[in-house]
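Take a look at the structures below.
Next come two complexes, and both contain chain A; in the first it sits with chain B, in the second with chain C.
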Partner chain A sequence: MFDFFFQLHPVIQGLAKGLAVIMVIFPLAGACSLAERKVSAWMQGRPGPNRAIVPWIAWIPLLGVFLQKLGVFHLMSDGGKLLFKEEPVPGHVNKFYFILAPALAIMPAFTTVTVVPFGAYFDAAGAAIPLVLADVDIGLLAVFAVSSLGIYSLILAGWASNSKYPFLGGVRASAQLISYELAMTMSVIPVFLWINAPGQPGTMSLAKAVEFQSLPGFWGGSWFILLMPLSALIFLISLFAETNRHPFDMAESESDLVGGFHTEYGAFKWSLFFVAEYSHMIIGSGVFVLLFLGGWNPLPWVPLSTAAQLLGVAGLPLVVGVLSIVIFLAKVVAMVFFFMWVRWTVPRFRYDQIMKLGWQKLLPLSIANLLFYAIAIAVIQK
Partner chain B sequence: MNAHPYAFLALFGAVAVAFPLILLAVARLWFRFFQPPKPSLDKGAVYECGIAPSGDSWIQFKAHYYLYAILFLIFDVEVLFLLPFAVAFTTLPGGALVAMLVFLLLLAEGLVWAWHRGHLEWK
Partner chain C sequence: MAVIPLERKPLTFAERTYLPQIASGLWTTFKRIFQPQVTLSYPEQRPAIPPGYRGVPTLVRDPNGREKCVSCQLCEFVCPPKAIRITPGEIPADQADRAHVEKAPQAFDIDMLRCIYCGLCQEVCPEEAIFLQNQYSLSGYTREEMVNHKDKLYELGGTIPDQHYKWDQKKTAAEHGNTH
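And now, the complex of A and B:
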């Protein structure tokens, strides 16, 4: 059925896959923004967005009202508004960098998707084959390398705006992001100490991390969040800081910086920042799920292959593939909900507290954690 | 997929840059042809909570941000060396493990030094 696709030129295939991913991530990020509004509304006991509706859907008796109350059409109306409203460029900005910054914000968010596996199926021999766009050995390193480019867009936006609040927001964001990157990188090293078994070529692939969480036996089947709870905690906190989410949203703390780095932005350029933030959140959640929450394995000690056998679909690669994607996406959605939950529950930190947490708590803790696991794994394996 | 995976990564980076630029161009064209521009002084002004902006937008800010950036550079280079260590860890002899622990100690020592000098305190 899909044979014609594989006969196309590789570049065209790549472009098609790229567009497909954008078509998935872009609306997903929009849906997240809507979910954020709805979740916050539910948490604060108000109805939230529940007005917009397309006329001919309003004629459907029950479903139309339900969708209206759920607010799904606000997604479209918001998108349409942002794309077609007047797009003034203020006179005082540095125009080139001002327009470049939102495009740069999107770039790392969309590029990292390529190395994040989102599912797996089993071939005839029973070996798991991950579903991933670019199956590179350096997986996680590529995610870190590309996603840290996102800092440039914040600095550029803040600097090019030629205005006080954006500038402060950009400077704050840059110092915060680089601070937490250290703890984040150090916290995942134990995972790769564990999965690089002797006698095999070394890897930093994310699919490999999932494979090691679906082995038989007590140690093999447990998720890394159970084996390395401290790593998971440090990674999660750093993830909040890296995605500029509450309680770390110093870059745009609206109570003292109006909108932070995007104060001077409006219309579609602003919405690109918005999409980038939510895409980062989705991809960050995805990486956390792959590393610590077992990826596409439904439960700890119940790998995907067992689940497929229980459901009697082990021989159907297509069904197993879809099942794995569904499990993975369900976990990612749960993580995204966790992000929102925290945002509407915890008050924002002060800047000195953020710096203190990053440098004086998380960084020493992650070094100690790494030392502990390096020695423990050396003792176990030797 | 026959092509090299890194080539795909690069191609995707290009697509990811081109896509928002195309969208921005569409918004720009729409603005050009279908929206009457309504410029006003307030719209083009620096935004400062709705009151008239005071002073230059090039303000002084704490030099402390730079200190964190310099510290980050030092640590980041060191952390980068830990990644190949993690990948090759289990095939290494015991001596290499000790060497790596010494390296980690250096990293921790840098942190202790910066901490002791008070560079990690946000003043």
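And now, the complex of A and C:
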């Protein structure tokens, strides 16, 4: 059915995929910013944004009011405002790097999306084919490598702003990212030790991780969060730090650094930073879901193939594909909600507390965790 | 000295990980989602104004619909920011229903850009003619708009149903020859 797409020139295919990423992630990130406002409002006993409405939707009797109360049109009004606002560039900044920084923030955020599988279907032989834009075998390594580039934009923004608060924000952001990168990487190694059994071709593929959570049997079917809870916890905490989310919002620190690295930014350049932050959050949630929460498997011990058979759609690859995407997205949305939930619950850490937690607690813990699982896996897989 | 030394217990392992505390905090915020919201959706819902509220100063009429103000100018003199400006005036002789009313202001302006809502005008008024009422929302595009003239003041003020009937009693007394 989609054969014509694969007959196109690779460059055109690439362009189409790139456009697809922008068309999907950009609105999703915008929706996340709206969701953030709404979730924070609900948690604080407020209604949140509930005024904007498009006239011809206001004519629809119940749905119009419902959508207005949900605030979905604030997405458009916010986006429109940020797009058409005057773009101030302060006189004291390095203009080239100042304008480069937001673009540099977006690029790694959107690039990592391509290697994250978001669904799967089964071919005639029953093998799971992951739905992914760029099915590279280094999978997670590519995510780590490219998403870490996002920090350059923060440092660049902080440096190019030529002002004290952004500079401090940039420095803090870089220190924080380096501190938590180590613990994060260490915490996922047990997962790939488990996947890469000796005598088989090695892989870092995220789809492979999901495949290992869809196997039959008690150990095969359980999600990795149940097999390796400590890994999942360290990875989750590091994820919060890597995405600069509360309580690790050292890069921004609205309370002590005005706005951190984006203090001097306004209008669309500012919003690009936020799109980048939220897409990092979405991708981070996606990676966490794939690694520890069973990817597109609906429940532990109930893999997607079983669910498809129960629903009677096993023979329809398209339906199974859509089903898997829906399950995966539902989990990602739940994770994004969790990110916001934590933000509006936990107070911020101090800078020294963040460093202490990263280097003195999480890093030794992740190394101990790695050693434990390395020995355990060696004993089991011998 | 009643000093009670409290022993600070060392934190347990669970407390030092913060995780149970974070979990209970998450539960608190999650519960809050389903509790009623406390926001007043302002232009649609208005706050309940408590009695004694000092809003915009207004002029009031007596139960017979006559101006109570006799332009004695006490409020003008007492007004700390000098927001009130009164031009005293006589009452025309051809108005029978106001026959025994002493005087009335010809013009009465309150500059709301100057008014500090102190309520001294209300306190000083011997005729109970000026009141700071419930009006709390006042805006305008020009300085001119922010000056409340006499007609606007009476429109805002309305009628106070008091039981003094000062001018009716004056009238009755005059009809009985002002015996006392």
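Points worth noting:
Simple rule for what comes next: the second predicted complex is superposed on the first by the 379 of 382 C-alpha atoms of A that agree within 3 Å, B and C clash if a C-alpha of one lies under 4 Å from a C-alpha of the other, contacts with A are read in each partner's own complex, and residues count from 1 in each chain.
The rule is short, and it goes like this: contacts are C-beta pairs under 8 Å (C-beta built on N, C-alpha and C of every residue); 3 or more make two chains touch, one makes a residue touch a chain.
Everything numeric here is computed off the predicted structure, so don't read it as measured data.
In the superposition on chain A, A:Met186 makes contact with chain B only, not with chain C.
Contacts of A:Gly79 after superposition on the shared chain: neither chain B nor chain C is touched.
In the superposed pair of complexes, A:Pro300 makes contact with neither chain B nor chain C.
In the superposed pair of complexes, A:Pro27 makes contact with neither chain B nor chain C.
Judged by the touch definition given at the top, the superposed model places A:Pro317 against neither chain B nor chain C. Ranking chain B and chain C by residues of chain A touched puts B first. In the superposed model, A:Arg46 makes contact with chain C only, not with chain B. When the two complexes are laid over each other on chain A, chain A has no residue in contact with both chain B and chain C. Within the complex formed with chain C, the residues of chain A that make contact are 42-47, 341-342, 344-346. Looking at the complex, you find that chain C touches chain A at residues 22, 25-26, 28-30, 32-33, 35-39, 41.
Across the complex, chain A meets chain B through its residues 10-11, 13-15, 17-19, 21-22, 83-84, 86-88, 90-92, 99, 102-104, 106-111, 113-115, 133-136, 141-142, 146, 162-165, 167-168, 171-172, 174-175, 178-179, 181-182, 185-186, 189, 192-193, 196-199, 202-204, 258, 263-264, 267-269, 272, 351-352, 355-356, 359-360, 363-364, 367, 370-371, 374-375, 377-378, 381-382. Those residues of chain B lying in contact with chain A across their complex are 1-3, 5-9, 11-13, 15-17, 19-21, 23-24, 26-28, 30-31, 34-35, 37-39, 43-49, 53, 57, 59, 61, 65, 68-69, 71-72, 75-76, 79, 82-83, 86-91, 94, 97, 100-101, 104, 107-108, 111, 115, 120-122.
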